[in-house]
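Across the two complexes that follow, chain A remains constant while its partner is chain B and subsequently chain C.
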Partner chain A sequence: MGLQSAAAHFINRFIIWITIFMVACFLLRLLVVLDLNKRVYNHTPGPCRVLTDNYKGTAGMTYVESQKRVYITLGYGRAHDLKTKTGIAFYKTNRTDGRSQQEMYDLIEMTINWNGYEYKKEFIPTGIDSYSSSNGRVLLYVINAHPNHQCIHFFQIVESSKLNHRKAICDPSFSSLQDIAVVGPDRLFVTNMAAFGRGWAQILEFSLQTGQGAVYYYDGSKLSTAASSLIAPTGIGYDAKRRILYVGSMIRESIFAYKVAKDTTLELLYEMMLLTSPIGVFVESKTGDIWIAAHPVIHESAWHYTHPENQNIHSPSQILRIRIQEEGNSWVTTEPYANDGATISASSSVVFTDEQMLIGSSFGRLLHCDLTHSYIT
Partner chain B sequence: MLVKVVLFGLLGVSIHFIFNTLLTLDINKRVYNHRPGECRKIEGPVHGSEDIEVIDKLQIAFISSGLVYLPNSASDVKWKGQIFLYDLTKRSYKAEPIPVLNLEDVDGFHPHGLSHWILNNRTVRLFVVVHSKTFKHSIVILDYNSAKRELNHVKTIRGEKFVRPNDIVATGENSFLVSNDGGAQTALGNVWEILSGFYKGGLVYYNGKKSQFLMENNIANGIILSRDQKTLFVSHINQETIGVYTWNQKDGEIQKISEIETLTGCDNFYVDTQDHLWAGCHPVVKDAAGHLGNVSDSTLYGPSQVLRVSFSKDLKTAEIVEVLADDGRFVSASTIAIPFDDGKQMIVGTVARPAIHCDINVSLNLY
Partner chain C sequence: MLQLSPFASNCLFFTSFAIVTTLFGKLLLHIDINKRTYNHVPGECGVIPNLPGILGLTTSTTGRLYMTTNSKDINTDQTHLFTFYSDNRTAREIEIRGGPPKWRLTPGALSINSETSNPNVFVHNKRTNNIDVFETNEQNDAWQYRKTFKDEQFEGLTDISAAGLNSFFFVKSSIFGTNFALNIIERVVPIPTGYIYFVSGNNIQQISRVSFPTGIVYDSVKKSIFVTSSTRNSIYRMKVQVKNGIEIVSSKEYDLGCSPSSIWKDFDGSFLITCHPVKFRYLLSLFNVITSSPSLILRVAVPTDKDKPLTITQLYSNDGATISNANVTVRAGRSLLISDGTKILNCHL
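After this line comes the complex of A and B, so read on.
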């Protein structure tokens, strides 16, 4: 009797202390993730200018080499209850096509032929990618981030500045779609950041770091899970030449590199710790360099996403360029751009081509910079 | 019951202490490389370029090299203390050591902070913070002979108030301000001082005859006066702030104006002709500490950062531009950065490695 009660007492105290230890570890980890000791120091790689301030969000971008155009999604802020127009526009990167100095920085908004699609008013585009087929057809694939209608939309570009809606893929498992990477005609990967779409439930999920994000694969007819149990997967980019898929993790502050097999299953190659939260991923097809649009200070980003209507609550912006060496055994990271949020807040997408860099943000401006001096160690 | 309350209180204090230590060590930080233009290493100073002093009129820079800092023992110090001369008008990327004549203790000359004053007869007078191999401290005053390109010893000043001098700023022919960057005289004591937060450094004013404390129980690393000699900038490096004070030389007094939070450990300062404050900083404490704990190990390096701080008119707020950042493989543990050639070039000094010379090809005015 005495022995039993002593044993029960010991187990009871043991459990209490283990619980206290786990809570303490959780608190420490949460506090470190918030980046309380970080800030951003401003610098630019060359002259920069704002291309547009007219939309609450320029959150997704893709580059089409054959057209020398960058396609940009507009109006992501509506997914966070901001009043804004939504749509898709493009920017021409060719600077020797005879346009004037003023016209060179114009954005051209595209008209969308919805072909009878009934949910067109619930279109809030964010992640975007493209596929150019050998016959010259250019297809666009766009994530719809509407809280009630998360879908992948398929478009074809016709008559230079019009989009034909081809179809939409919607699925109950889509709760927080972020970005998209195309690996073939109508074959694509998408990131679903969290099990909860928005609000305090999502914040709690991030705080607990339960790892309920996923990468889905669509093979042209069927949707499947390509990778699961990820912690807040965000940006996704595909290196077609090397068949490597890069997936950013916002909470782990890292990039995962996967080998895409012939049957499109994913094999994890390595994890690259960035110590900054990647949101957008762009892969330079020529060099294989990875460009990251990041949120470097999480607690400021969280505050900014909670109050996107407040112009005085900024989130820092950061662009990284990663050059992979020795087949992924090592890499060199440079930071072409960083801003405390006063010029561009919460950078979420990036494209680099022809010594030009476009930076998109979640709720605000689109920035264009010249990289007159691309120094890399 | 009371025991439980005490235990939970201790647990809370422990978590708070661990958390503050982790943040202080910057375990979640790293540096992302970028440069403002082409950069090259400067030949000559191999074991450090901790402070650099530019003489505008002569377009030359003095570089202190061979720093001794919290040594474990004198026998660990296998390098020589030197002062180098760099010609800013040539792109030679090579600095020449210049002789220092008539020193009292030649072997014990390990220069740290530098400052200068132009005498009435146009002689350049150099004020040098010096540590010996056994980490004894003094302030050495040298006059520069430009014809012979040598430094002549004028005076050595010692005092109990020079507790652990780091940087110096001349305020006259024989007067200066000195910063003490702590009180501990050993590496272990320094770690305890930093972790406990009971700082014993501060600021000392020597008026030519005697010394007085202007600031005590603080940490002061780099110090510099504005070009009009009215504002004093102090790097509180372990608190990761820049303190801004009025300087009243007649009364020998300072008054605090503001404290700018930088979230990086800024070391030495330079004020340019546009009144921007330039600083060499240590953005990741754990890597800098590892490097500085064993400066002879070439596999260890500390991240470098060059910031340009632009103050508001009332000196209460500041905008910061990052001119250079390096993970340490090219330039390790930067301490000082000085622009020249109308802001088109820059030299950056380090604690224990060569200095670098960079072009500045990007605009630093973002707003």
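After this line comes the complex of A and C, so read on.
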């Protein structure tokens, strides 16, 4: 009787102490993740200008080398209950094609032929990537971030500024699709950031830092899970020359590098700790440099995403450039752009080409910068 | 023996637990455990050859740059005074004329007052722990000795800022300047152990206490002194007024977000500030656990309106591979000079 009582008392105290320890660890990790002591110091790589302020969101971008165009998704804010027009536009990066100074910074909106697709009113494009086939066809793959209709849409570019809708892939496991990376014709990876689509359930999931995000692979006919148990995977980019897939983790504040095998299984090579939350990933095809659009201060980003309609609640923007050295053994990180949110808030996508940089944001402007000096120190 | 009831003891325990956890979390954030730097240069950068690191730096209104450098011979504690020509990136040593017998100058912090046609330079003589004043002649590279301020409070001086021909402000970072362990505590714990002094003629006056001040600048136009506090990651603006001696009319603290290590006023009234962006790496480098620490250069404009926030622009950032623990910076023409005590980096703006 005495022995049983002592054992029960000991187990009871042990459980209490373990619970206290876990609560303390959770609170400390939450405190560190929120970035309460961080701030951003403004700087630009050269002269910058706002290309458009007409859409509540320019959240996805991709560059098509053969056309010298950047395709931009518009209107991501509608997924967060903002009133805005949605669509896809492109920006021509060629500056020697005879356009005037005024026309050089125009965005050209594209018309979409939906071919009878019945959910076209629920199209909120966000992540986007492209594939140029050898016969000159350019295919666009766009993520639909509508809360009720998360899908991957397949488009083909016809007649220079029209999109032909080919098909859509929808799956119940899609809850918060973020970004897409194409590795071949109709072969692609997508990131699903969290198990819960939005709202307080997602915030709780992020706070508890449970690894419920995933990377899905579509091989042209079947969807499968390529990587699971990731903590908030967001941006994804593919280096076709080196067959490396880069996946950003928003909560872990790092970039995972995977080797894509012949059968498209992923083998983890290394993890780069950024200590800033990557949202968009762009891989330069020539040099292999990784460009990252990041949210450097998470608690301000969370506040901004909770109140996207409030123009006074900013979120800092940050662009990083990572040059991999020695086959991934080391890398140099440079910060070409940083802003406290007054100019561009919550940067979420980036494209660099021909000494030009385009920065897209979740609920606001599209920024264009000339890189007059872009050094890797 | 006071016997608490189980309910009271549980309350006491959980309250203490919450306080300790919060303090530990605050310590983690205070030493910047979740921060890092990303490299950023304003233009082309290069190390100036054949020139050791800068200990002090100042400019006159004509743009003439004066610097105090370490000796190339590490066996001696000699330091030298140079004038720097940024157009061809060369430096010439300054000749000292006059001075009392057997007097030798080991220059440290320096500041310049440009009220007269020949600016006066106030130099902290680390050999004698006095403040020597020189009159410059910018037609040649010669300084004429003028006078010496003597006081025991000059020991441990960190930075100096001239206010007139016979007056200046200076700061001392700490009480325990020579005790390494206690000095480390002063760098981390935000308690006001540093001093701000004002010297006018033979009078020396302590005007305030600040937590580990690292730099001071007197702005005669705004009639204010600007003091950087390394521990509090902040810059103070203190309006001063001469009544019975000098006194602080008002004081305002602005958050910088990093630990400032020096401050220099540019001609347009903005400040160039060197910072330690990641505090725990700086502390580790002090203990020689790691060999380098990140560097950050900011341009800070303090608004005249008290309610407006600072305008901060980042000029330079490095993870320590190129320049480590930058502790002084200055602009000369289109050049940004950064030094960590062992080398001088010259960046084109």
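We take it that the second predicted complex is superposed on the first by the 377 of 377 C-alpha atoms of A that agree within 3 Å, B and C clash if a C-alpha of one lies under 4 Å from a C-alpha of the other, contacts with A are read in each partner's own complex, and residues count from 1 in each chain.
Heads up, the rule we're going with is that a contact is a pair of C-beta atoms (placed from the backbone, for glycine too) under 8 Å apart; a residue touches a chain by one contact, two chains touch by 3 or more.
Computed from a prediction, not measured in an experiment: that's the story for all the values here.
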| For the overlay on chain A, clash or fit between chain B and chain C? | clash
| message | Just to be sure I read the superposition right, which of the two partners does A:K38 touch: chain B = first, chain C = second, or both, or neither? | response | both
| field | Partner chain(s) touched by A:I11 [first = chain B, second = chain C, both, neither] | value | neither
| Which of chain B and chain C A:I108 touches, first, second, both or neither | neither
| In the superposition, chain B vs chain C on chain A residues touched | B
| request: Identify the partner contact of A:M22: answer first if only chain B is touched, second if only chain C is, both if each is, neither if none is. | output: neither
| field | Which superposed partner A:A201 touches (first chain B, second chain C, both, neither) | value | neither
| field | Which superposed partner A:C170 touches (first chain B, second chain C, both, neither) | value | neither
| task | Name the residues of chain A shared by its contacts with chain B and its contacts with chain C. | result | 20, 24, 27-28, 31-33, 35-39, 41-43, 275, 320, 332-336, 338, 373, 375-377
| request: Give every residue of chain B touching chain A within the complex, in rising order. | output: 11, 15, 18-19, 22-24, 26-30, 32-35, 37-38, 262-264, 305, 307, 319-323, 325-327, 329-330, 361-364, 366-367
| message | Quick check on the complex: what are the chain A residues that touch chain C? | response | 20, 24, 27-28, 31-33, 35-39, 41-43, 273-275, 320, 332-336, 338, 373, 375-377
| note | Contacts from chain A onto chain B in the complex sit at residues 20, 24, 27-28, 31-33, 35-39, 41-48, 253, 275-276, 318, 320, 332-336, 338-339, 342-343, 372-373, 375-377
| request: Within their complex, state which residues of chain C touch chain A. | output: 17, 21, 24-25, 28-30, 32-36, 38-45, 257, 296, 298, 312-315, 317-319, 321-322
